[in-house]
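There's a structure below that I have some questions on.
Chain nomenclature is as follows: A, B, C, D, E and F, assigned in order of appearance, with residue numbering initiated at 1 for each chain independently.
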Amino acid sequence: MLTEFDTTLPSIRQVQNLIKHTTPVELKLLTQDVLTGKVVWQDPQCICIADENSQQTTVWKQAIAYIKPKTS
Amino acid sequence: MLTEFDTTLPSIRQVQNLIKHTTPVELKLLTQDVLTGKVVWQDPQCICIADENSQQTTVWKQAIAYIKPKTS
Amino acid sequence: MLTEFDTTLPSIRQVQNLIKHTTPVELKLLTQDVLTGKVVWQDPQCICIADENSQQTTVWKQAIAYIKPKTS
Amino acid sequence: MLTEFDTTLPSIRQVQNLIKHTTPVELKLLTQDVLTGKVVWQDPQCICIADENSQQTTVWKQAIAYIKPKTS
Amino acid sequence: MLTEFDTTLPSIRQVQNLIKHTTPVELKLLTQDVLTGKVVWQDPQCICIADENSQQTTVWKQAIAYIKPKTS
Amino acid sequence: MLTEFDTTLPSIRQVQNLIKHTTPVELKLLTQDVLTGKVVWQDPQCICIADENSQQTTVWKQAIAYIKPKTS
């Protein structure tokens, strides 16, 4: 995977906004896992998400199917 | 994944047309999820789709198996 | 995925021939889906296939396991 | 996927030898399919295999888990 | 996969910290395997993890879904 | 996949050592297959493993989850 981290891209900006607004999200992985929490940071390779206990999980982007704001 | 976003490519143009005409689509993922809705935007990394409640889901392109217009 | 669309490559030429001769094909995906129909177009990212009702499905190449002429 | 077709690489040479000697092989895919037959050609993107009825299947290399000579 | 090993990236630095502090981790793979242990080294291609018996397993990064500190 | 075969990388060196010392290994694939045997060669694309009957299997690196020395 090459570094592709053009912060003008909608998908990069969207995750940056999720971080800024500490929006609760659902992250569905290719393993079928669904992680919920708030995005803490992203880099070209990973997205880090913290659950309600502030437990952090670092997800490889290659394993992500989709992300969406959590509906309450 | 490298930025490959040559808007003259049929596959890129097709998604741009789906956006323009707000065509209802079915998006099948490698997780077996089938998302339905309208494509809101695409960038080299992701496709964003909105369901009938305007809930948006951002799908990583790497996780897409196929897209097709939804048959009614 | 980089643009790799050297039309002298056997695999690219073969799909071009399937398009030209409107050969019925079977496309097996990593999701286990088997799509049948005729190839309408390909680009570096996708292959578009039309079924017997001319319904088109655009398949991401990353999701393809194999293609073969449909045996009757 | 970039064109990587250095014919001095052992893995490329091995498939070339399987073609030359028409060695029966087993090709295991990420879909769990096991294709058996003889390799007809390879290019940077695909390997084409013909079964005992000369039916050809073109397999995307991304979907290959392993290849081995078929044990009788 | 290209060498992407910019040690200023958060995801690379995080793994380096896990190595330095010998933090017990859980590594979830796309195969659904969950490996637990301590990270021994990483390079652009792999992460090596040692279990409680110092048995080392070298994991290809392409197969990683996520990593997280093990909760006791 | 680009040629990334820097023989100073730990993961490349480790496999070279497994070859040199003919260490019995377990190779877990994304298909869930577990191959056991000795590594015969590697190149940027594949790892070749020989079982106890010297039957060789050439595994595409993209399909590897992990490798570890076989515990007796």
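Keep this in mind: a residue touches a chain if its C-beta (ideal position, glycine included) is under 8 Å from a C-beta of that chain, and two chains touch if they have at least 3 such contacts.
Chain identities (UniProt): A, B, C, D, E, F = RNA chaperone Hfq.
What you are looking at is a predicted structure, and each value in this text was computed from that prediction instead of being measured.
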item	value
Path length in the contact graph (chain C (RNA chaperone Hfq) to chain D (RNA chaperone Hfq), fewest steps)	1
Interface residue identity across copies chain E (RNA chaperone Hfq), chain F (RNA chaperone Hfq) - same or different by half	different
Reference chain E (RNA chaperone Hfq); chain at largest CA-centroid distance	C
Turn needed to bring chain A (RNA chaperone Hfq) onto chain E (RNA chaperone Hfq) - CA fit, degrees, nearest 5	60
Intercentroid distance (Cα basis), chain E (RNA chaperone Hfq) paired with chain C (RNA chaperone Hfq), Å	37
Centre-to-centre distance between chain B (RNA chaperone Hfq) and chain A (RNA chaperone Hfq) (centres being mean Cα positions), rounded to whole Å	19
Whole-Å gap separating chain B (RNA chaperone Hfq) and chain E (RNA chaperone Hfq), where each centre is the average of the chain's CA atoms	32
Shared-contact residues (touching 2 or more other chains) in chain B (RNA chaperone Hfq)	1-2, 29-30, 62
Round-the-ring chain order [start: chain C (RNA chaperone Hfq); next: chain D (RNA chaperone Hfq)]	C, D, F, E, A, B
Residues on chain B (RNA chaperone Hfq) engaged by chain C (RNA chaperone Hfq) in the complex (per definition of touch)	1-2, 4, 6, 9-12, 14, 28-30, 32, 61-62, 64-69, 71
Partner chain D (RNA chaperone Hfq), residues of chain F (RNA chaperone Hfq) touching it in the complex	1-3, 29-31, 33, 35, 41, 43-46, 48, 55-60, 62-63
